[in-house]
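Paired with subunit B in one complex and with subunit C in the other, subunit A is shared by the two complexes that follow.
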Partner chain A sequence: MSIVQVLFYIMAFIVIGSALFVAATKNLVRSIFMFFITLFALAGLYVLALADFVAITQVVIYVGGILVLILFAFMLSGRETLSILQQQKSKLVNVGKSPALLLATLFFVVMIYVVLKTDADNLIWVKQSITNKTAIKPNDLVTDNIGINLMTRYLLPFEAISVLLMIALVGAAHLSRKEVKE
Partner chain B sequence: MNYYLTYIIVAVGLFSFSALFALFGVYAERKLSAFIQDRLGPTETGKFGSLQTFADIVKLVQKELITPAAADKLLFIMAPFIIFIAVYLGFAALPWAPGIVPSKINLGLYYIFAIISMETLGILMAGWGSNNKYSILGAMRSAAQIISYEIPAGFAIIAVVMIAQTLNLQDIGLQQGILSSEKAKFLGFYDVSHVGGILAWNIFRAPHLIVAFVIYFIASLAESNRAPFDIPEAESELVSGFHTEYSGLRFAFIFLAEYSMMFLVSMLGVILFLGAWNTPLPNIGPVQLANWTTGAAWGIFWVATKSLTLVGIQMWIRWTLPRLRVDQLMTLCWKVLAPLAFLCMLISGVWRIWLM
Partner chain C sequence: MINLTDFLIVSAALFCVGVYMIVSKRNAIQILIGIELMLNAAILNLVAFGRYDKINNTGQVFALFAIVLAAATTAVALAIILNVYRRYKTIDPGEINKLRD
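== the complex of A and B ==
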């Protein structure tokens, strides 16, 4: 096995193991910190896939932003509220959870189906880009490519997302503002 | 295999550098604060008290590692290391001289920005793990402050990136001196490609970057939790914030992280705004000062000198200005620095298109 493969398996193992821990543990704060490890290992997998820009963006947005905000919500809510949350019924299967269980099983089936159906070594579009010499090599500048594509080919989705985010921001500002009482 | 050996040597070298710098930094800070407050500072240990910090380290290593009974043990023990590693990883992408950089990644700047944001997580971990009201308050203040100040800092950095057109720190450094392959223009008009020196630094190539530099510097003070933005530690109200419960070697790691962070943000500021490893001396006619003072050894010398100067200014500010209140802190960030940083970014775009 080459060193890249070894790294891949190590990181994939960390991702899956820590994700399982996140889902299974009862200590909610620890599960958030474990989620940080999941995201970090995932960023490592992105780097292996030559998507270094995506990897760093993931760290900036998830670790620097979302995880910190989740922790914020935790620390503002106090220990009593949290301990009530943690005293949930521990059974994996019970009636209250059946919709979630159904969804999870169906999603799992879909994932297994995708894994079995895809012939990852002989994908058509990968072969095409290799024959057309458009495949990205380790020393290529991925960032420039992303920037140019965002501003030309994918401009409309990009702008649509920015409008969506703007709406979310305005909504958040409106919700958090105190009503002026007269 | 030699490859990997070099990596390990470089990593160990950077670690020992940050440790040595922390030792020196603590001593310098104590002497500087003594000078500013008209005291003498440490005098007893060694000549001029120069062995004081070594004695401190020996004391810290001997101390018992106390873990509070109600603490979340795992988080409590891991937090100082995560805080330090977050800062330490940032050093991997900083260039020291032409051709000398621990890791040649073309996203260096973005990488450092991402890695620094990890420190917040470590601080929150320490605050929560300690299970102490003061620690949690300190950690939350710290996180709020770091997240807020990332925005003006980020836009000040983007202003530079728009001028430099690259995220590779080595390239950003290269553009600001005589080794540059593209034209460097002083204030956007005079061609100084072969004069170099202080005239080719980013802040003089595009003078609005002086404003961006000030914004970045203020924000970097906030991100390393230094006075006047030290409300997360606020000795007079929160004991010492998120690291109240730490003792011995763990406390030493938090301290090490703080000083490494000071150097990291200063060095990043030097690379982005103050000419990286380029000499401040220009070529004047036959006196080729810039050509004589450019090279690997000179590069390390200049980058270290400039960074240490900025660290010195950080210390000077700490012992001069009083601490800001929380609301003043947020007002400064959102109503003053953020709009100014946006303006800088806008000017950068126009500057790049019309004047460069």
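== the complex of A and C ==
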């Protein structure tokens, strides 16, 4: 077993373990900070999938942006929310959550079945890309190619995303303003 | 190299944790975190398959788009949650059943 595979299994374990902790814990602040660890480990998985630029973007936007945003919203919402959130039932096995658990487990079984049935490593186009040498190798530079593609082939989605970002910015600013008294 | 199937299994597990959070949590922020987990599972799939496309980089470019979209979604959703809290004094989605008072 190579060191890359060992790293992959460590990262995958951290991702799934911290995600389970996020889902299981009662404390909201703890779950937000564990979500931080999930996102970092996911960035590590992206590096192992040879997508360095996406990993950096993940760290910058998700960890630096979204998480700070969630923490801000949480801290700004006052002491009452905190006290409301803490007084959940603290039984070890909550009966009310068993349908959700059942749903998630069954869905997981179905997904695993589909994944194993698909056998993604032997898909035709994957094989073709390996024989045509269009699969990314660990010492390839892909970031400059991403930049060129972003400005040529994917220019229309790029512009659509930029317009949508502006709409979301204006909408968020409009939604979070203070109500004016008439 | 790492098999594609391993990535797909990790992503399926992450997605199911997200589904569990969305269905079972009684707190809008935690539901938002569940949605983020599901989005991350999808992005992991995009990135894992994008390894086999060196010329066009479709998977990686659309992973970038998905990350940016998730950021925009979160900003708007948090603004909505803050507004809902201001009006209802709770962020439990089960209690919020009116569009206007």
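Definition applied: the second predicted complex is superposed on the first by the 148 of 182 C-alpha atoms of A that agree within 3 Å, B and C clash if a C-alpha of one lies under 4 Å from a C-alpha of the other, contacts with A are read in each partner's own complex, and residues count from 1 in each chain.
The working rule: contacts are C-beta pairs under 8 Å (C-beta built on N, C-alpha and C of every residue); 3 or more make two chains touch, one makes a residue touch a chain.
Values in this document were obtained by computation on a predicted structure and should not be read as measured data.
K.L.:
Overlaying the two complexes on subunit A, which is it for subunit B and subunit C: clash or fit?
P.N.:
Taken together on subunit A, subunit C would fit alongside subunit B, as the superposition shows.
K.L.:
Quick check for you: in the superposed arrangement, does A:Leu116 touch first (subunit B), second (subunit C), both or neither?
P.N.:
second
K.L.:
Please work out whether A:Phe107 is in contact with subunit B alone, subunit C alone, both, or neither, and reply first, second, both or neither.
P.N.:
Second partner only.
K.L.:
Given the touch rule stated above, what does A:Val63 touch, subunit B (first), subunit C (second), both, or neither?
P.N.:
In the superposition, A:Val63 contacts subunit B only.
K.L.:
In the superposed arrangement, which partner chain does A:Phe53 touch: subunit B (first), subunit C (second), both, or neither?
P.N.:
both
K.L.:
Under the stated touch criterion, which partner chain does A:Ala168 make contact with: subunit B (first), subunit C (second), both, or neither?
P.N.:
second
K.L.:
On subunit A, which partner touches more residues: subunit B or subunit C?
P.N.:
Partner with more touched residues of subunit A: C.
K.L.:
Let me test your reading of the model: by the given contact rule, A:Ala41 touches which partner, first (subunit B), second (subunit C), both or neither?
P.N.:
A:Ala41: touches no partner chain.
K.L.:
Aligned on chain A, what is the least Cα gap between subunit B and subunit C? Give it in whole Å.
P.N.:
14
K.L.:
For subunit A, which residues lie in the overlap of the subunit B contacts and the subunit C contacts?
P.N.:
53, 57, 65, 74, 76
K.L.:
In their complex, what parts of subunit B are in touch with subunit A?
P.N.:
72, 74-75, 105-107, 110-111, 113-115, 117-118, 120-121, 124-125, 127-128, 136, 139-140, 143-144, 147, 150, 167
K.L.:
Provide the residue numbers of subunit A that touch subunit C in the complex, in ascending order.
P.N.:
Subunit A residues touching subunit C: 4-5, 8, 12, 15-16, 19-20, 22-23, 28, 31-32, 35, 38-39, 42, 45-46, 48-51, 53-54, 57-58, 61-62, 65-66, 69-70, 73-74, 76-77, 80-81, 84-85, 88, 96-97, 99-101, 103-105, 107-108, 111-112, 115-116, 118-121, 125-126, 129-130, 134-136, 140, 142, 145-146, 149-150, 153-154, 157-158, 161, 164-165, 168-169, 171-173, 175-176.
K.L.:
How about subunit A: which of its residues touch subunit B in the complex?
P.N.:
My answer: residues 27, 29-30, 33, 36, 52-53, 56-57, 59-60, 63-65, 67-68, 71-72, 74-76, 141, 143.
K.L.:
Please output the residues of subunit C touching subunit A within their complex, sorted ascending.
P.N.:
1-10, 12-21, 23-24, 26-27, 29-30, 32-34, 36-37, 40, 43-44, 47-57, 59-65, 67-76, 78-83, 85, 89-91
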